[in-house]
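Some notes on the structure that comes next.
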């Protein structure tokens, strides 16, 4: 059962009773408004990225996502456009005005990622990559820290503490499903994590139902649940043509389904005195 | 990933495309109205039961719960009032007019449980007690079938099929948390189970956030999430004095907190065009 | 980490420091000699059973296994020959002189099982079927209690305590694999369980590598490991024609492979000053 | 169940049917002789390291272990002596003549680790740190790749493939326990992994029962089981004074217990026609 975690000296509520608000290119995460971060799993081309960005912006997303360095289980899978992808990100940001989050897998990516994106994502597989966490702790750049797929909440908060202990407390925590025996979903989305993390820590907490389920038609209902449980934001994979996606197409929403979902989420948000 | 399950011949959507509605003493489970089943973990005394029943009824619960046969991990724990508890159930039903669900752990309990309660609960530990499922399949009595704490959704639906194949299709499925590596909660509530079960099966699906979390202050937020994800009902542990409960006090809501939660749930239900 | 379990009042080492030896038709389980229980998953016919029994006896097995009541995930799978199977068991015992263990799934099976078999198996799915455990506790018959596939060792020992608290302490514990995220094996065989159970309890502990892996060619190496880790016995599925088995063929050894394995096990047993 | 893994193009048995032997400072891993790698969790001082090294060498260990970069869950735990530790390693190697393995957590550690150690360990938390795996793939240095604590065997082999696809096939796989629901041990040692990995891949496979159990008195019995199941080596934490260890003392063997264990292992190894 829930135990105090003495070592969360900076990310714990004891250190700072008030909620932290993290600003990403002018968008506040952690306040009354629930933030939607949307976009494709991977940046594949300028056209794909721009079409998706415009669609999700129109539907209400306020931050874009898209990976250019992709951690893939097999070395022979598509692993991202790297620098070419960062240039696309810069173009799409200029065109749409949306801030952007992308993943860095290595300390050596940080310079270029910081030069093009507005928020650095630390992915699940790197949640306990402590040397990377330390480097990110030295930056003054917002961080999206995803829970490891088998990390306890204590380990998750201590990973955030690695970053915060370096001086960077602009951290957003992201629940994205954990590994369990159940095989009908890619992961098991652990929505209890949201109220627990918010009780133990002052950091904002968002939810990724796309990775959390791995199945596109489950995303809207789990997104509604995430809003209802108290998440400060959502991370949603959207792709203009999921069946052609180079990765994770099966869990990506089409833009029209995304827009329908956003309308539903607005009503749920209002029901708990928030907005989206 | 999600596979068809050929052997769910009677509980599968292919067999019956329309939603099944299960009637429990006049209360419909599976329709537009979300049903709240509430009450203590165990029937402890007539006074405790009646006080709790009146409080949950006033707050909007329409079915009572309370165990008289209690499966307990240790043989030396309180294991329920048995026949004395059934008599209390009969009295409380008469006083309040609420129908009642209680657990049967053994085929030999079925006669007396059917004589006093309106719905039989098959608990998580007995989800694969196949001889019990077969006996319950011969009855014409609504059944609340709880997911085993390590059962896949396929195993869960096949357990329901055991009951249905005997001729009893008045079955309500209940997600109540699964066993994972995470130790900050008693179980990990798997809310993805709700839309998956509803896609694969025509049976109503409810959620038990009390066992699903094991911590009373998590119950309201997870109950909101359960409503938002599409559950047809909730199973909530409420105790007039949780600190004196003979079992599960730590996960039981006080009546006043339960009433606050119900008001919140009404708003979330409206936001998805349902009511509670 | 390992904690004392106050409620194992009768099965705990504190209650009885010396190892318990359980006698099954003259065969001692828990002494220096490691016992091999072998046979098919299910009794299918007199011919199949007798052929397998003779083969495993010749290779060194001293107790036969074979199910007549089969807990199956789907109601439409083969569920055992029931009374016809018990008659076959009686015949095969007479022919071979081997004692036999078979599963009871329900209190109502106990009379007939006790009349034909020498040891009652309580299967994994029934490890927390507490009314069944209580009935078995009233008997004076050896019990083979299999660990639930998601039971902690504490829950396992408390299940044994249910039986022992009724007065029957002729209990053999069986580790048979637990449910984890790993999908390449049917279960994950938890061999650490053996020395832990033997430290906490005076009861004999055996291992079932057939269910523990679900793959026949893994059985001999895991059986060697089970002997080396200190198990008091093995439970091995053997079938004269695995490809024709009505259940679990994929994890059953052919008699010739079983004989080769037994020869290997003898050498490992000698290396730790035991015999088989 | 076990499926072919098409992407293990270089580490798969299809690519190379014969067992790979990895040479570490003249010691062959993967042949008939089972290799014992032993030493403290962390290099703490020259005295501690030398005392432990001499003791484990005398008892039969042929490779030393000891961490100087320590991945720790909390940023406030002892995280290794870093460069000072590497200098101690160099001294101890000179004194004892034993080759040494130590962990690199970051590509930036590789130069100095390669300059002092004979084998690079990639720890469990970095098993899917793909940029690190790629850098290690460019080296011509033996690698000890530990299974992630929640990695499937497929993911484990694909992590090895990352290294091999870069041209470095001097890889030793290490099973070190997986994360499950069981809490009495730190991890659940998955010994089935050994024969499965050896069937699918030509790489040597060793076992770490110290991390696999987290409890020192379980190490000898699980080490015996690892030898019996077919492991090519063992990784054992030994500390001259475990109660004063800066990390993992509770799972470290004293040198005298280690020597007793080695004598037992010799007998088990002989029983399966190997030596240690």
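As written, the chains take the letters A, B, C and D, and residue 1 is the first residue of each chain.
Heads up, the rule we're going with is that contacts are C-beta pairs under 8 Å (C-beta built on N, C-alpha and C of every residue); 3 or more make two chains touch, one makes a residue touch a chain.
Everything numeric in this text was worked out from a predicted model, so none of it was measured.
Fitting chain C to chain D on Cα positions gives a rotation angle of 180°, stated in steps of 5.
Remark: among chain pairs A-C and A-B, A-B carries the greater number of C-beta contacts. Each chain gets a centre from the mean of its Cα atoms; for chain A and chain B, those two points are 34 Å apart. One inter-chain figure worth recording: chain A and chain C are separated by 48 Å, centre to centre, where each centre is the mean of the chain's CA atoms.
Chain B and chain C have centres, each the mean of its CA atoms, that are 34 Å apart.
Shared interface positions of chain A, defined as residues touching 2 or more other chains, are 150, 154, 179-181, 183. Across the complex, chain D is touched by residues 150, 179-181, 183 of chain B.
Only residues 1-3, 150, 152-154, 178, 180-186, 188-192, 194-196, 199, 212-215, 217-218, 221-222, 224-230, 250, 264, 267-268, 270-272 of chain C touch chain D when the two sit together in their complex.
Of all the residues in chain B, the ones that touch chain C in their complex are 7, 9, 71-76, 79, 105-108, 125-126, 128-132, 149-150, 154-155, 158, 161-162, 165, 179.
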